[in-house]
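In structure tokens below, several structures.
The two complexes that follow have subunit A in common; it is paired with subunit B in the first and with subunit C in the second.
For the complex of A and B:
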């Protein structure tokens, strides 16, 4: 590549100070920090525009943007602010829901918000461009350029497609081919991954407001457990302005072993008596699927190599811990940390693995690795049989027994009901105590 | 507006239109859904750019890409031009509230003619996409040819660009430098010789656009020259629309010796005619009855009526009947 005329990078051999691969939340946050620090940065995206290739459930926790884009809520392309959050446990025909709502989440600085990724990712990438980053789309990075084992740039699928820089940030999402090529990942275990599938269903705004009991730009986030049959996983349902997103997250190996199709399981969820009235009459606008790095802390690669840093899903930073499915905020957090660490390394003139070591230190002292470390056990616990099947069945059973009136018989005591449900669902007291202890440690 | 200075006399220009490539309608309301991400340039326009690039290569001259559109088009226009054009010109309406360029076909053609004419880029050959995806009139290339006073070869489905096999053995002669093929009605095609100075429009499959080298793609945004449209769109003068009236026909005078007889004869009031019949039937039987009546009046043949009867019988679960007598058929 010869035609670049932006700010001069600090070395004559390099076209840019930094190349960021992938204009998802992690890549754009990294490019934004670097450009803001005055670095020449090339942000490469394979899709025709940022976000065009990306899917997720739908809720972004935006507080991480407070420092990156002050007052972000006045301009970010938000669909609805989540002011109502439900956790639903279900069996074939029962559902027990814990429903929490607060008006506080509907005003600044807000909490969660639903947004479409093509809108949100384009907006964040534009912020990086406004700060001086160069964005090139419809360009796929096909490999790393190395010199004596050190990453010195990337090659792309365009004619004359090699481009050099002093540091490369791999923010190319789950399955990061670049992190693998750089030797930062060990053996890849499919059990560490889940697949997420989602339908976006159009409904008139007024119908959504009515069905979900919200007004204006307030919305609902429903997380569901016990809705995936014998495949470990979970479900979700989120409200946008005039669509709803309903989907599942499913264990990859269990899907393969059971021969079940994700769309079949999603169709079953949509037919469930607790969900069917919410989606009824809607028109499916979109079906999408994407892999999620589920195992969090336990599957993270080496975060830096000589001349390369890995951020976001590429580094398995997505937090998938049952009650939480947060990837975008962790991607932004890790991307911003990568950008700052690379700027520091460039200033010191050392972009070797040692010079880039500040990245890990930054993550360790931020929510990104703190939360991951704290919730390290959570993914295993949530995907276990107790949380997946026995707990929802038992909770629904207890609720049903408590609220079923069987006069002339008198009401059964709570302890008796619980014991009966434990017996019915094959739950041993010892395993409940053990798992409760593990849960307290995992979520404590 | 100062017209852009010519890069080289006789450049080849591609004219492209910024359109919604996948317009979406809200399935619940039927209203169009505005989308920032689905706008771009059609395959036909991309093909026009490739044809322009190859012609410019052949002739050792520059290719330019011109768009009359909104500021939103700048980036994508730069990417298009990055494939090899010497420059890209985006003409915006200058109206800040205008997000779509806002010019009619006539106005667009006039603006393009200003840019591409002798006092502007002085383009020899202009290549446009055939039809835009936004149900445009397809008239811009023709109007442009009119303004530039150039011959036109429109709706081309292939162009002999020198590096491809000649089409159907067509050869170039002294007056034509290019050969093209275009569609005619009735699945026919015609070969046309195209002079060196002409306006062409091409379909999307004529030449897939080459990929831009990385360096040029990176520079894409900076490559676009922005111009403001010099003219305010002309006010539209609607043609006077008259109500349609059937032409007068002379009829013979009604027969009759007095006014009453003549009125009776004119209206046919006392003539004998089949009295109206009121039937009340369930929909399947009603449908069958309508078919029978159509047959009686001669609108359905015997065979057609029998087929319709059989279908109606299947729908109602009854025996097929004779279309005339309505009796069960043997």
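For the complex of A and C:
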């Protein structure tokens, strides 16, 4: 939330060594690394404070922060540590839940935490400022400054708003007009995107503790499939200190074609018998929406150009693979790598695409591109009909048949139940074997 | 279910006098898909009885859904609002 406007010229032509556009997790991580290495860096954010434009589910998986901010858990503005994680498969009136809990995730170094992005993003940007980065908010970058095809700075909507630097880091989020302007993206396909909508619902802390069976600063993360009707997508529910977040992620083309509005689908989820008792009596404190780059590895742009690198959602680094929706940690990981690679390129005096090539190598050898490569097929599988419709219906059907007592009829064997459910739900053995094999390969 | 007005009243918008998104509704008249109407999470694309689209930029999440789903070249000119304006989230 700090505003600084001081200038620190670094050479005759350049106002800064580096300009970072966007004070989301990717941009702040990049600025932090550059400033720590002694570089002059300008971090530009269009919102009135970092995080003011950003929403997510939200759980932050903090392990990646260990190297950037040691002992971050003692100071980061978190809501609850997630110690209970559920995966729920539902149909209209059924739900089958896998419920895992461990106390280990409730003590240092922790696994994941719920947090509000306006709090978290402001905190991380302040870390960059503490290291010496210059943060300017309420300033929209309107385009790139170029010199014979090479990026040499940015223009902004401030009076005399042009700023020059030896390298620009585009951390401007999912729509990244900067990466597009630099020609790093090919054709943009709406099928690669989903839109997330969410309600933050106020409930007294003690009510949340009771409803979700957690104590102290422990909390719950629920991922839901089978709750979005004909629109491929998924649902989520997270506990904060005295609010819960309930939302949906929805495929863009299907939403555009389907005639169902996002808030209608969300209202239906809140009425589901497995969810209604959890949200009952709460008041909507904030409604929010944001787009997600869903297709991962296959939609990524060129990561570097002459004088520019792209990090975080701007480079489609968000991992959206069904059970995993991790973007903040991938943004921090790629932003930090971008910062280090730019520092190296500045030291060598070569910020051309070739000089910046180390960025890609760093990502290839870290979880960022390793996970994305491994899970390359996962987004398509998760958004497919089998995972979306048939699997939840079949899983619930098998559970219902197993546990419904049919006396005086004798109990049916498991295999008979499974076969019957496969028939009912139109699932072919061959397609199950094929898809299971593809899933094992995709997630293996 | 809460009304859409109440839902949107829960969000802070620092509205700028100038629209950051402009819709050319002469192009919308020839559009058969009209995906913006169902997909815009803020419900800002309202069909008019004479086949056009009424658009108001004020309560916009700046998410990008509309230009991504719009299939007609030139119908939507899309920019971010001037720095410091537009949507401001607090507990998301």
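Odds and ends about this structure:
One rule holds for everything that comes next: the second predicted complex is superposed on the first by the 434 of 444 C-alpha atoms of A that agree within 3 Å, B and C clash if a C-alpha of one lies under 4 Å from a C-alpha of the other, contacts with A are read in each partner's own complex, and residues count from 1 in each chain.
As a working rule, contacts are C-beta pairs under 8 Å (C-beta built on N, C-alpha and C of every residue); 3 or more make two chains touch, one makes a residue touch a chain.
Keep in mind the model is a prediction, meaning the values are calculated, not measured.
When subunit B and subunit C are set side by side, the one touching more residues of subunit A is C. When the two complexes are overlaid on their common chain A, residue A:301 makes contact with neither subunit B nor subunit C. Legend: residue contacts after superposition of the two complexes on their common chain; A:397 is shown touching neither subunit B nor subunit C.
When the two complexes are overlaid on their common chain A, residue A:226 makes contact with neither subunit B nor subunit C.
In the superposition on chain A, A:257 contacts subunit C only, with no contact to subunit B.
In the superposed model, A:204 makes contact with subunit B only, not with subunit C.
Judged by the touch definition given at the top, the superposed model places A:333 against neither subunit B nor subunit C.
By the touch criterion defined above, A:118 reaches both subunit B and subunit C.
In the superposition on chain A, A:138 makes contact with both subunit B and subunit C.
In the superposition on chain A, contact of A:160 is made with subunit B only, not with subunit C. On subunit A, the patch touched by subunit B and the patch touched by subunit C overlap at residues 48, 52, 118, 137-139, 156-158, 285. On the subunit B side of its complex with subunit A, the touching residues are 26-29, 36-37, 40, 79, 211-220, 222.
Subunit A contributes residues 46-48, 51-56, 58, 116-118, 137-140, 156-158, 174-175, 188, 190, 193, 195, 197-200, 240, 243, 245, 252-253, 255-263, 267, 270, 284-291 to its touches with subunit C in the complex.
Residue ranges on subunit C touching subunit A, taken from their complex, read 1-2, 4, 6-8, 10-11, 14, 33, 35-36, 38-39, 41-43, 61-65, 68-69, 80-84, 86-92. Within the complex, the subunit A residues that touch subunit B are 1-5, 42, 48-49, 52, 118-119, 122, 134, 136-139, 156-163, 202-204, 242, 283, 285.
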